[in-house]
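Naming follows writing order (A, B, C, D, E and F), and every chain is counted from residue 1.
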Amino acid sequence: MEILRLALDNLLSPPVLGFALGLVAVLVGGDLRLPDAVYQGLSMYLLLAIGIKGGVALRASSVGDVILPTIAAIGLGVLIPVLAYLILRRATPLSGLDRGAIAAHYGSTSLVTFTAALVFLEASSIAVEGFVTTLLAVMEIPGIVVGLLLAGRAADRSLSWGASLHEILVGKSILLLVGGLVLGVLTGASGYERVEPFFGALFVGILTLFLVELGTLAGRRLPDLKTAGIGLPIFAILFPILAGTMGVTAGSLAGLSVGGATILGVLSASASYIAAPAAVRLALPEANPGYYLTASLGITFPFNLVIGIPLYLEIAQVVGG
Amino acid sequence: MEILRLALDNLLSPPVLGFALGLVAVLVGGDLRLPDAVYQGLSMYLLLAIGIKGGVALRASSVGDVILPTIAAIGLGVLIPVLAYLILRRATPLSGLDRGAIAAHYGSTSLVTFTAALVFLEASSIAVEGFVTTLLAVMEIPGIVVGLLLAGRAADRSLSWGASLHEILVGKSILLLVGGLVLGVLTGASGYERVEPFFGALFVGILTLFLVELGTLAGRRLPDLKTAGIGLPIFAILFPILAGTMGVTAGSLAGLSVGGATILGVLSASASYIAAPAAVRLALPEANPGYYLTASLGITFPFNLVIGIPLYLEIAQVVGG
Amino acid sequence: MEILRLALDNLLSPPVLGFALGLVAVLVGGDLRLPDAVYQGLSMYLLLAIGIKGGVALRASSVGDVILPTIAAIGLGVLIPVLAYLILRRATPLSGLDRGAIAAHYGSTSLVTFTAALVFLEASSIAVEGFVTTLLAVMEIPGIVVGLLLAGRAADRSLSWGASLHEILVGKSILLLVGGLVLGVLTGASGYERVEPFFGALFVGILTLFLVELGTLAGRRLPDLKTAGIGLPIFAILFPILAGTMGVTAGSLAGLSVGGATILGVLSASASYIAAPAAVRLALPEANPGYYLTASLGITFPFNLVIGIPLYLEIAQVVGG
Amino acid sequence: MSTTPPTHGHVALLTIVAESILEPRLERELRACGASGWTVTAARGEGSRNRRVGDLDGGNVRIESLVSNDTAAAVMQRLADDYFTHYAIVAWVADVAVHRSERYI
Amino acid sequence: MSTTPPTHGHVALLTIVAESILEPRLERELRACGASGWTVTAARGEGSRNRRVGDLDGGNVRIESLVSNDTAAAVMQRLADDYFTHYAIVAWVADVAVHRSERYI
Amino acid sequence: MSTTPPTHGHVALLTIVAESILEPRLERELRACGASGWTVTAARGEGSRNRRVGDLDGGNVRIESLVSNDTAAAVMQRLADDYFTHYAIVAWVADVAVHRSERYI
């Protein structure tokens, strides 16, 4: 079967193997973390590179093509955390506060999962609309806001919004992503050509290195699983499938190609582990990182990386074919 | 008009847009600084890459071609700070000490402006003599020395030379630039070929990343503008045009091509923001960095990057054509 | 003569010139060290890149080809430190403890020497078996263990093995090298193709930058030479020739090609300056780093880099031709 | 042996170690309580709770500030009120001698 | 001017600077002697011996830990027994004020 | 509760925070005044003047040195004479307990 072959290809691709390497290193008692400064530098590189590449492609898109998918993305960004919050009430004994915190993570998106999906689709020769990076940027924030609102209501207290929200909006992620997009739109294909050896050709290799680090971080989260009960890991696997299917379907309805719908599925299914943890930690310090980080980084992230991405493609092919 | 098209191309080139991104980030309250270690690593990369590339090209130059331009460069390195010092006396109410400090900056050169000019000329398919990197190295120090001497005379005190000067000469900038030159001369084209993917192909991309950082630093300097009075910003724009014209003319007279004369103009017009600040800070601690850094990094640097470089090319085409 | 031409090519190759640059910088009172975080990041890159490339090549090797060379490598890993220990007793007045410490270094291997040899052979168009990286991994540890055992016997005390050995085995070097090998085997040529621009094309350039740093470190060790007596520097030059010849011969007998035998010679001749110092420092704190680091990093490393590598190739051509 | 070095006055040296995400907030607290400056170094650490998310964005920060005793006490009180319970944070105060203590008080 | 800031108790602040290779061992020693947490920063330095190999792997580490006086003394004794002689290491103990000193004792 | 940990002697711990460009000079001053070693960490900070150029080359350094009280006083005097006025620099001295204080005096 085609899908199995793609899944296997994905499993044996350097980025996914890099993740496995980092994880195994933790299990045997080692530690393959990059130095902090290098990790931060690489993550700035990834954001800027994704942004620029998206911007160059966006330039070629007509506004008409972009509108419906963008509306779909915002709608998913609001809907998904509400759904996550409600399902977690059934599936786990967690407090409303912890459920809101988790919902904020699943409402937002994961840059690296998105990136790995692009790399996967490219390797599978499946075209993707240029403007999907815009969808990534658009979906980063709303889910976090909704999740925090739910948690705030549950905790029956007002949140110290001002600070946290401003800190996210002018945080490095959004600035680099949006800045890269604008840079890409302005410089166009001829300008991009000259930075392609850096921002383009190196991309998969640097992503591989980066995933070694993420594997290490995910590995460190695994011990926390024991304290979280069985409901949370189940949620962290089944919920992405649900959200991913919703994303793929919405994408198809909004007119995206098979590749584009897959990406919207990936964005919906993925859980943030950079912007959301920071925001949640500041606004909801009482929520337990042992729950939200373990679920998003320890389970959902590797699940999407290995199984989710080819699965959403398969769904997109069925839905959109 | 050809020059306007080139200027627009320059404005929309990835490095210049990267600078703008860093600047805008500061204005909206964000911060896109690279981690310190990465910034230092990248700046070592740029120096070494420029040096090696220059050395490979230098190998092909005859000594006869190099002599006159080198003498011109040294002459400019002495003349420009004196001129800056005298003009600042008319244009601003600054003390002799602060004027000497500023003169030291304009007498020296800016690696990144030089680099951006090379990238610009390459993109415009204009040839440049291989040995211009030698001129960069030659012009780095004399202007600083002259500026410090002027300030020392004004302050009527002797400077603690020994330490500062030694610290500059064996500082990383000079060592990497000159070391890279020698390395390039020795390894030649066949050796260079094997490191070209790293030192050559990545150059424009890494420069872009580096300029994001410089945009941030420049943006942080802007508030200081208010306290400096109107004379200084005017100086920081008009003086480079004067010095750049002198550089272009001297270059033409010394037999440089249009591209080479443009580069000598750029070297003359640009103000140091690495070697000079360090030397001035050590030798003239009373001078106010709010003046010299704001002028060189906050105004002259972006001015040259966006307007100056194509302007000096236009002048070189008029003078040398 | 062919060998002289190769040696000269090697001497003027960017990596060797980079080493010289770092060394000269120290001699003139400067310092070209990379920021710590960058140095560590680059060294992780080199290990992983070597591992992956080796793994991709290993996939094409038959088990039959690998067995004999592996046995030879382990044998050399045990024999070399014993030999070093005995010879040092004749050649120097060092204590058994210090001799054991040095033996541990020469029993293990140097990643960068190995890497430089690969780059050299590639530039000389001499083929190398894909599995030589396996030999590197196999030879890293046994020599250290034997050296420590000899020192422990001499000092008549038991070592705090447990901790030190575990710390080496799950240290970053081994994990990245072996992890990279496995990653390369699994992803194969088609996966490697996509990360080649990062892990392949950049390799020589990054190695050059890395060697600037090592040159600095070696330069700092040179003053220690004075206190060590004349026996040690002589040992640090002659012993590698002996061990290298043994390695080349064993490699030829084990069926390796000229290129492969050269590499086994290089592995035998090279002295560790990362894994061994760490292990020795922990297990034998009384041993003087002024001896073992100066010998391995200050003398043997540059000797192999400049003279040893082409020499072992010449020997391999004589022995295997 | 005298244990008080002969300089010109004593002030409090307040040191705070916290997950790095809190840095901007802590600096606002310091300023609000009257500190005129501080020094920040990057750090990592282990503690009894380990509830931070700092792994993901740069570990801990170590902030130290020369302040008057009153300012030190005020900051400590702010930390006790709003931070110690939920965040990964520790703080301590030492007595140190400085040149021209007026500058910090 | 009172030199004791008005917080809730005094503990020992033990600081150890050592070649980075020793970090895991020192953390084991700290834990064994009763420390419940510590903060680590990267450092470099110069000393009278300079026998470390740290140049090659990241210089020194600076570990500080709030502990009881007994724990501080026990760790110091361990260092004197097994570390000071052969390794590049220095350590000192200061007296500092903390909020809720029970937490560290 | 005794506040003096039972170790073997007291020395001064001098800490200097300054723009990084000054590091070589400060180390020369330390050595000239009798310090036998020091530990350096990278730092950044805010102060009342902010006149440094350190942004461009690596922020501040934080140098700490165990010294005799006399050395601490001598260094402080050197700083007051030549550094405090024009450079971005602060310094303080604490009293700490060490093992074998003779080593630092």
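Assume a residue touches a chain if its C-beta (ideal position, glycine included) is under 8 Å from a C-beta of that chain, and two chains touch if they have at least 3 such contacts.
Bear in mind that the values here come from a model prediction, so they are computed numbers and not experimental data.
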Review point. Which other chains touch chain B while also touching chain C?
Key: A
Exercise for review: Using mean Cα positions as chain centres, tell me which chain lies farthest from chain F.
Suggested key: A
Point to revise | chain B and chain F, separation of their C-alpha mean positions in angstrom | key: 36
Review point. So, what's the distance in Å between the C-alpha centres of chain F and chain C?
Key: 41
Check your understanding: Quick one: chain D and chain F, Cα centre-to-centre, how many Å?
Key -> 18
Review point. Multi-chain contacts in chain D: which residues touch at least two other chains?
Key: 41-42, 94-95
**Study point:** For chain A, residues contacting two or more additional chains
**Key:** 35-38, 40, 197, 201-202
Review point. According to the definition of touch, which chains form touching pairs?
Key: A-B, A-C, A-D, B-C, B-F, C-E, D-E, D-F, E-F
Point to revise | Residues of chain B touching chain C in the complex | key: 35-38, 40-41, 44-45, 48, 52, 166, 170-172, 175-176, 179-180, 182-183, 186-188, 191-192, 194-199, 201-202
Check your understanding: Can you list the chain F residues touching chain B in their complex?
Key -> 19, 21-22, 24-25, 42, 51-53, 55-59, 86-87
Exercise for review: Going by the contact rule at the top, pick out the chain A residues touching chain C in the complex.
Suggested key: 12-14, 17-18, 21, 24-25, 28-32, 34-38, 119, 123, 197, 201-202, 204-206, 208-209, 212
Exercise for review: Mind listing the chain F positions that touch chain E in their complex?
Suggested key: 1-7, 11, 13, 27, 36-42, 66, 94-100, 103
Revision key, fill the gap. Given the complex, residues on chain B that touch chain F span 36, 40, 163, 167, 217, 220, 273-274, 277-278, 281-282, 285-286, 288-290, 293, 297
